[in-house]
Structures are given as C-alpha cells and as structure tokens.
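One structure, pasted below without further comment.
Chains: A, B, C and D, in written order; residue numbering restarts at 1 for each.
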C-alpha cells in the first residue's frame, strides 16, 4: 500500500515537496510528477508519443508528460502494486469555480478516479503578496488523507480542496462546498515578434467570480477550507425537462 | 453574425471540411482550427507562450495551439465580432462516456460556453472497417445548428452529439441522452528505444462501456444519434447528504 | 533511381512546390519534408522520440521532425531504394556566410552527404518587397541537378547555392564562391508576458556582412548565383602551426 | 569578467556540475544551461517563440531552449557584461568526427565564437561500463581555460576537446588533432504504436570510425586528450581546382 503524489507545477515545486513530507508520516509515498510546469493542461493524455520516467531520487519519478500521464503511469505502468490513494498538489494558486476544467492538478485526481483509485486535489489559494508557505495546507491535506483512508469516498467521486493562504490558527474550518462560477475577462494580447510576425497571447484578463454562499469561492474568501465533491458526469440533468419537448428527438421508449 | 468552426483533428481533417461545407449554407462561417492533430488534449489552454494564426485560405485560420486556444482566439482575439455559434468537429471517432473529459473536440465547445457563446461538439462514432463518410453527420450537424439558432440553449449548457457511421436513411433518430460510463483497460506498454533507454507508451487497452439505457453509448450502438446536454458544474450534489455527516466539516450556518 | 526533395519551410511552402515541379522533369521525385516550418533548427536529429510519416499525397511525405530527420528517414527508413540525389529547398531567404551553420536547409544536404548521397541546398535570397517567384530559381536548381548527375560531386562535398530574386534574364551567371562572413547584431528583446513573467526573445538585430570578393554574399549582391562547395571538416588547419607551439601538447610522434 | 558555462545534457547533469566547480577556482562563473536534455540539437536557435530564464540557484539559470539559445542569451540578454570565456560541457559521451555537426555541446561553443567570445567544448568519451567520473576531465578543462586566458585563441577559432574516461594518472597527454571520420550505420526502426499507427525511430546503428593517425578518434582511443581547433568556414577549398573547370561557372574576373 502506498500513496501516489503528483502535481502540475512540476517535480521541483515547493507545494509538492511540502505535501510529500507531510504525507510520508501516513505511510509509504511515491512521487510521480511532471518534469516541469504543466499548468492549464486540463485532462490531457499523451497518446501519440512515448513517455520517460526518470527516478530523480528514490521513489521520486519525473515524467516528461502531463499530470494525467503521471497518474496513468503511476497506476498502470511503473509499479507492480496500485496506489491506495492519489493526492495531487499542493497547487500554487487556487483551483475553484470553472477554472477546474483547465486545471492539471484537478485532472490528475480525475484520472485516478477514472482508474478506480480514491483521490483528491489540493490547492493553496495564494494572493498577491502573501507568503508561499505550504506547510499549513500540507497538514490539512494529511488530515484529509487520513479521513479518506478511514471513510472511503462516495462512488466515482473525488474531492477538490482549496485552502486559504494563512497560518493554521487563522483557518476557520472546512466547508463542504459546490463549484462556484467564474466571470472571465476577454484579454488576448496582439503583438509582433522581433521578426515582424504577428502573434497572440492569451491573457489573464480581469478574473472575477460570483460570491455566492455555498460555493468554493465564498468559503475560501472567508478563511475556510473548501471541499467540493466532484464527479465525472457532466450531464445537465436539470435541462432534460425543457429539452425533451424539442421536436428533434425520437421517442425514448 | 458568423459561425465559428473548430476541431481537434487539425485543419486538414475531412470531418472539418464536411462540416464547414454544410454549415456554410446557414450563414457566414469562419474556421479556426489547430494546425495539426491535437486529440486527447482535454481543456488545455496555452498560457506560457504566444500563438500564431495563419490564414491558410480565406476565413480558414490554422493555430499552433489546442482546440481550446482556437476558440479563445476566435472569440476574443482574431475578429472584431463575436461568433453567434461555435461548432466543434466532426471528430474522427466517438466522444462518449467519460472519454469526453479527455476530448479536445468537447473542450472546444466547453470553452465557448465559458465565454458565453452557444456551442456543440459533434463526433462520428467510427468503427473498424466502416467508411469515413462525414456527409450524413454534417447534415445532422447543420440541422442541429438551425434548431439552436431558433431555440437557444439552456443556460451554461452545451451539447455533445455522437452520430453512428451510417447513411442518412439508416439513422434511427436523435435521442436525448446522458453521459455513459466507460470501463478502461490498463494497458501501458513498456519498451526500450534504439539507444536502450526505457520508455512507456500509454496504450488503448480494451475499452468497454456499460450498456445502460438512456446513455450515449446505448443510443449510438442502436443506430441513434445521441445528444447529451452538458454543463460545467462537476459538483456531485448527490454526495452532499452523506458527506455532510463527516466530522471534519464546520457548520455551514 | 529517384531524387529526394526536402526543405525547412515545411511541406506546403511554395519554394518546395516549385522545386518539385521542375525536378520532376528529370526523373522520379519523392518529397519528404517537415510537416511545418522548421527553420534555424541546424543539424538536429530526433533521437529521443519516434517520428511519423504521413503521405499527404502520392510520394509526398510529411514528417513531424527536422529537415535532418527527413533526409535520414528518406535514405534509411521509408523506401527500399536509396535516392540518387537529395535537393533541399528552395529556401525562403538566403543561406550565406555563417548563417549556414543554423540553417535546416543546409543541414539536410549535410545529412545526405554524411549518408553518402550527393546533395545540394538551394535558397532564394529574397529581399524586402521583392516578389516570391521561385520558378527562376527552380530552373537553375534543375540545371544544376542535371550537371551533378553527369559530373558527380567531389568526395564528402556538397553544394550550397544561393540565387538572387530576379528573372532568368537578369541573372548574371553562376559563380564558384567561398562562405562569407556575417556580422551579427546583438538584439535580445526582454519583455513580460500577460501574466507578468519575464521572457526573452532572440531578435534579428542588424545583420550585416563583409562584402569581400569571392564570397557568396559578394556574388549574390551583384546578381550572380553563388555556388559554395562545403565539406564537413570544420578543422582549422591553418591554426596548426601556431597552436603546435603551445606547451600543453604532447609530442605527436 | 566572468566565465559562462553551458552544456546540452541539461542544468542538472553531473558533467556540468563538475565543470562549474573546477572553473569557479579561476574566477566568477555563471551557468546558463538548458532546463532539460537537449542533445543532438545541432546549432539551432529558437526564433519563433520566447525563452524563459529561471534562476534555479544564485548564478545558475535554466533556459527552456537549446544550448545555442543559452549562449546567445548569456552573451546578449541576461547580463550587462559579456563573458570573457564560454565553456560548454562536460558532455556525457564523446563528440568526435562528423558527430560534432549534430552536437549541442559543440554548437554552444560555435555560437560563442560567432558572437566574438572565446570558447571551447569539452566531452568525456565514456564507454560502456566505465564509471562516470567527471572530475579528471574537469581538471583538464580548468587547465585549458587558464591557458586560453593567457594565450587567447586564433581568430574565429574554437576548440573541441575530448577526454578519455580515465584517472588523471592514466591520461597520456594532450594532442593537437583534426576532426576524424565517422562511418554511420543505417538503422531506422519501424514499428507500430499501441493504437496501430506506424512510426519510425532513428536508431544508433553500428557506429564506426576511421582509425587514422592525427584524428580525434585516434588520440582518444590511445588514452590522449584530443584538442581539435575548429572554425566556422565549411568551404572545401581543395575542391576549387576541380570545380572551376566545370562549364556552368561564369568567369570570376
């Protein structure tokens, strides 16, 4: 039995190191993480070329692929045994609201879930100017890992956890939340390179969110850890009533 | 007003060409698609480097990025006007069940939805040995586009459409479905390269699915077009009852 | 017997198309070229991952690699027969002086030479504002190919040919030249991306050259085609006298 | 005044670390090296996208580019001062004969020379089963650096140094050599990936060389360090007599 740890900031990221250190007190850990930053890669899998695993130090494997690749190899390819738990993070920056669809950190937990291994993703909701101390978040992750290993997880479900960037004492508690709603800006920067060719750079724009009670955004901005249970069923069941009246559909008898 | 067309098989793919031809009868079309195949890239955005847009022929733009990048640029960067509709496809092969979390085709429609533009993804459920004729599927896509431009879409919702690889006459109808469930194999191939270094190649394994009534798999395998309404809220609301009893949570009062 | 054609501007480049058309009058041709632009890639070989060959139309193969990869596959991997001649080009822009050490076009001819196949590289010395008509250059390339197939090439030698961007009638003749000397500018542009991270972009700077009689630059700037015979021995023999007096060397007895 | 150190095995390679340690006794050193392995990249420059420099520890910069990019940035972009000397290596494996045209290690020294900075490349000629101890080679590199800073280098010339993989005491001396001649095998491996698509992998083949007195191969295989002075003029002057009689040339008057 071992815990598989990954992230999308790369194997040298301090959030990963802090997480690994804290989880190693729960049992055997193995790190399988991208060899460099792979943020915003979504749930992408490398199918058209092979992958390399370099053991950079004992039980730490750097992969030239995405976080999803790392989890896939960590479950199917690298070891004889399957992990008991996959923990992805600690991400540098929050993964809340619709942003989670882009997140490599969350995708890694998604991949584990698809492969039948319990998982959660954990992110530190850094804001400009706050210190990057991952240790309080790592302690919360360890506590959560312990709980999961006792309780188990609801079927086909994984957790997306976001932690405010404060000391242990300042954390108000953990809240069970739902995925909030982002308001995306529309900044694309257009420019020319040194050779006069035009290029476009997808910008950050002004990112805002709907501050609605019960959401991940709402909890974290009030000093709580947010824990959102996610599943992989994107079906919008609530739209069925309306849509079923459209005349394009055959009867479902 | 124009329709933006993209895909993940690349700008030269026959499914894209057939789709563009059929949709051009509905109004002005613009193609913004990856310069080469980008399947299984998920919802990934290129943030750390700039993108190029090459107009390979009038109103056809090849981008050195992912399908998500294409839609982002097509909405924010390339044109003064926003598209009225985004159609992504026609993908070579089905995008059903959990596979949609990996799909670049589906991610393109997801991106449009996040940016507030109605969208659907369309895939041809090719099987070994069947002919790759995208025209029947393109006609269904055009019919659906017409419907959407009349009805509109439910809030924050987009459609994932899968079409059996048969002639118009053999299609049994369109069904409103939910996302099915994949059963993934676990094949990772381990080998050594010509220089003796080990590598891993994520394999296809044996892909199976749960043949449950009401799902996309079930409909398509019986000759129906499946239309699954998707949204971007991955929250598993049904798990709230069980989870809220866990002792780790603060009261939500 | 066939002629292998490649380039570094990619398989869709007009210079390649013009070259292929003209050479096809001399015998059977096969095109093996990069699937997209790969300029300034030098003599680089893809050793750590596999390559794909897509036959985009009969006898035209697009490779997801460098020009050097294309020639290597075109000689060893793709066909049962070896080519009788490799022609690389027609490059968009000159390859003269020290620039040839960066050039993918020249590197392709270099690779053929290493593999024992006669080769030459051909470039159109475009200047700002001149028309991109590759046909006169293609006719000169065909004439040269004919000559090579009669005369053969000196051992371990290949040709680097640069052609002024003018009509047939305005070309003053062909000159046997030596590699000239570039004077490089030093422009690196420093900037920040939309997320505030610093980046560097290697710029063009002001490129100048020494206008010395007998060099490629000198000939082309006076309306002549330059033909420079190159070999792969970079040893600076003229420095031996001076260096042999240094006291670090053992006697060579 | 500082010494710029780079390589093509990546900033974490033991050969680079050993070199940096030894050269730091001669003066101030700065490392600017690729963030990961970039062997066989030739003299390739990243022109179409920007580069990042991450200071992984004081005065050690990891670049997401080629060795040539590293030297270009190290001379023009990163620092206010130009380096007094560029040393590239210590490469894992020899760079002798025609192989140097592919070598990223040698290309880095080439780039420095083009930019007017004295440079040499140094490689450890590892053979199967020998220990990877870079310290004896690093001591030789330091001794050579000291010599260069006294003597200077012949105009437009740089050194390519190969060192046998033995202890200091077993090194027979340093020889002034010329570039030897490789005999390349022709291995390209053809295979199919897990999805049934064909691929080609450029293989090592059987690499042989001509064991001729005076060459780098000959010296290193007899326990000597080889020092080959290289320049950037690839012109084959010895072919001029023969070629000038060809009837395609205009008179050079």
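A few points about this structure:
One rule holds in what follows: a contact is a pair of C-beta atoms (placed from the backbone, for glycine too) under 8 Å apart; a residue touches a chain by one contact, two chains touch by 3 or more.
Everything numeric in this text was worked out from a predicted model, so none of it was measured.
Centroid distances built from C-alpha atoms place D farthest away from chain B. Computed centre separation for the pair chain C/chain D is 22 angstrom, with centres defined by C-alpha atoms.
Between chain B and chain D, the centres computed from C-alpha atoms are 46 Å apart.
Taking each chain's centre as the average of its CA atoms, chain B and chain C sit 41 Å apart. Residues of chain B in contact with two or more other chains: 47-50, 52, 187, 193-195, 197, 201-202. If each chain is drawn as a node and touching chains are joined, the picture has every node linked to every other.
For chain D in complex with chain C, the residues that touch the partner chain are 37, 39-53, 68-69, 72-73, 75-78, 98, 100-102, 107, 110, 114-115, 143-144, 147, 151, 154, 156-157, 172-176, 178-179, 182, 184, 186-188, 190-191, 193, 197-202, 214, 224, 227-240, 242-244, 246, 248-250, 252. Chain B makes touch with chain C in their complex at residues 35-36, 47-48, 64, 193-195, 197.
If you check the complex, the residues on chain D that touch chain B are 48-50, 52, 187, 189, 193-195, 201-204.
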